[in-house]
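Chain nomenclature is as follows: A, B, C and D, assigned in order of appearance, with residue numbering initiated at 1 for each chain independently.
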Amino acid sequence: MLMEYTGLKPEYSAMLKQAYEAMARAYVPYSGFQVGAALLDAEGQTHYGCNVENAAYGPTNCAERTALFRAIADGRSAGEFRAIAVIGDTDGPIAPCGICRQVMVELCAPDTPVIMGNLRGAWSIATVAELLPGAFTPASLNKEEHELT
Amino acid sequence: MLMEYTGLKPEYSAMLKQAYEAMARAYVPYSGFQVGAALLDAEGQTHYGCNVENAAYGPTNCAERTALFRAIADGRSAGEFRAIAVIGDTDGPIAPCGICRQVMVELCAPDTPVIMGNLRGAWSIATVAELLPGAFTPASLNKEEHELT
Amino acid sequence: MLMEYTGLKPEYSAMLKQAYEAMARAYVPYSGFQVGAALLDAEGQTHYGCNVENAAYGPTNCAERTALFRAIADGRSAGEFRAIAVIGDTDGPIAPCGICRQVMVELCAPDTPVIMGNLRGAWSIATVAELLPGAFTPASLNKEEHELT
Amino acid sequence: MLMEYTGLKPEYSAMLKQAYEAMARAYVPYSGFQVGAALLDAEGQTHYGCNVENAAYGPTNCAERTALFRAIADGRSAGEFRAIAVIGDTDGPIAPCGICRQVMVELCAPDTPVIMGNLRGAWSIATVAELLPGAFTPASLNKEEHELT
């Protein structure tokens, strides 16, 4: 059972609880390490994600990416997400991996809040830009475009 | 507009049309190459997927994986999918990449049909096992378990 | 200690022994599953690879890919490799994962032999094309180019 | 031709020049975006890397990872690298992607310097820990182990 997230604003606390629901559906036969995510879009709809492992390790997908990819497949646009919450059974608030941060940078505005929690009431918030400082971005690929901005 | 899939059974033809709907939502600023997928589960529900690219290329996710990962996040179980359809604007029927085939091997029964199509009526069907012959499987990782089966 | 590969031609047997040397250097704190690879280039030089795991699973790299990527970084050209050998402690000959097969399709000629072995003398050979039938290839991405060939 | 890296210490400037040599060997038929890397180990040996792309995008490997994976395959140990340099034809110093940062966190000490440059004399330095703040680490996976440290 989840403990309370003291001091966290109710909307974000609710998102961590939604992420916790998705966490139970994680497919983790190799690590046993379940992670859940809940992504809030501009219309107020939530997109759920969990991690899905693979015997070959490399094709494994994390909870955050599952939530982001499915939202795109449902017609949501890059840059229009309001917040993403992630939860796992870690000591402190769970930390998104570098792949997920790179996908957040691609699909979320830099100031999008990422709410990270564990099962025992620990939480922290950082923006997408703070999680991947000086990120490799779409502009990095195209010098000319970058020079125009 | 899609052309007819002559000779393909109606259920699979309908799946390619669903995959085509999802294809329009692909996020492909780098390749411009849109792909869509439709995954049919045991209860007859369809899970949609499209490809979602990334400036760093490696974090890119294909349509087939988007559909599979989201179905797991919605509580579907590995091994219980009935068929998956994939479509793209290729010369012949589109071919799933090796990562997607590895994820299919993990999450689908070996005889699950993969229906591959293009926009001009070309189609082909292969099972998951045929697409990745002699695959690296969960059993490969665990020698003891494998010896018991 | 490796057992003999009865019936395998000496050149390929030697390659499996080279792959076995690289296998000992695998970084596998999560699975404990070591894999080694040896890639033979057109000039007769061998490029070694092992798997390198990651706590986040997704960034994990397999032995075959390590060998192929490093050979490119040393100036070898795509399409000019003569053979690749892979070894692991599996029941039968080890099977390359789907990601590695996709990289082989990109960097090796379709008829390049892949020699797969285990530690107890089991072996098999398949071509790159046989391991990923009807592969997604560079031509798949570019319809026009494809139509010219 | 490379411009001078004014104000950068000579050892790091030399590393960027080594990375530039490797950059020329990049396999980039899809983006045309070449990247090179040079990894310095504890014995003073350099391990070269370049990016290697794939038609399926997802299997693409970056220059930094090529250098790190090959060093492990040559018997170097995680945690023993002295510095890594990365170069590309970007406006400012090139930025490593999130996957590469996750691999650096796994294989390098947190205070390992990452030297980032472009072709026109721009450079910057950050530690591995600074590039992926609050990273998901091996300790994140194993609660018990983490509690002991």
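By definition in this document, contacts are C-beta pairs under 8 Å (C-beta built on N, C-alpha and C of every residue); 3 or more make two chains touch, one makes a residue touch a chain.
Worth saying up front: this structure is predicted, and the values here are computed from it rather than measured.
A.B. asks: What rotation angle, rounded to the nearest 5 degrees, superposes the C-alpha atoms of chain A onto those of its identical copy chain C?
C.D. replies: Rotating chain A by 180 degrees superposes it on chain C.
A.B. asks: Distance from the CA centroid of chain B to that of chain D, rounded to the nearest Å?
C.D. replies: That pair's centroid distance is 34 Å.
A.B. asks: Using mean CA coordinates as chain centres, what's the chain C-chain D distance in Å?
C.D. replies: For chain C versus chain D, the centre distance works out to 24 Å.
A.B. asks: Two-or-more-chain contact residues of chain A, please, as numbers and ranges.
C.D. replies: Only 30-31, 53-56, 58-59, 61, 97-99, 102-103, 136-137, 140-141 qualify.
A.B. asks: Taking the touch definition from the header, please name the shape of the chain graph: line, ring, star, complete or other.
C.D. replies: If you draw each chain as a dot and join those that touch, every dot ends up joined to every other.
A.B. asks: Hey, which residues of chain D end up touching chain B in the complex?
C.D. replies: Within the complex, chain D contacts chain B at residues 30-31, 53-62, 97-99.
A.B. asks: Chain D touches which residues of chain A in the complex?
C.D. replies: Checking each residue of chain A against chain D gives 31, 33, 89-91, 94-103, 105, 124, 126, 130-137, 140-141, 143, 146-147.
A.B. asks: Which residues of chain D touch chain C in their complex?
C.D. replies: So the residues of chain D touching chain C come out as 22, 25, 27, 29-30, 48-50, 52-56, 58-59, 61, 63, 65-70, 72-75, 78, 99, 102-103, 106-107, 136-138, 140-141.
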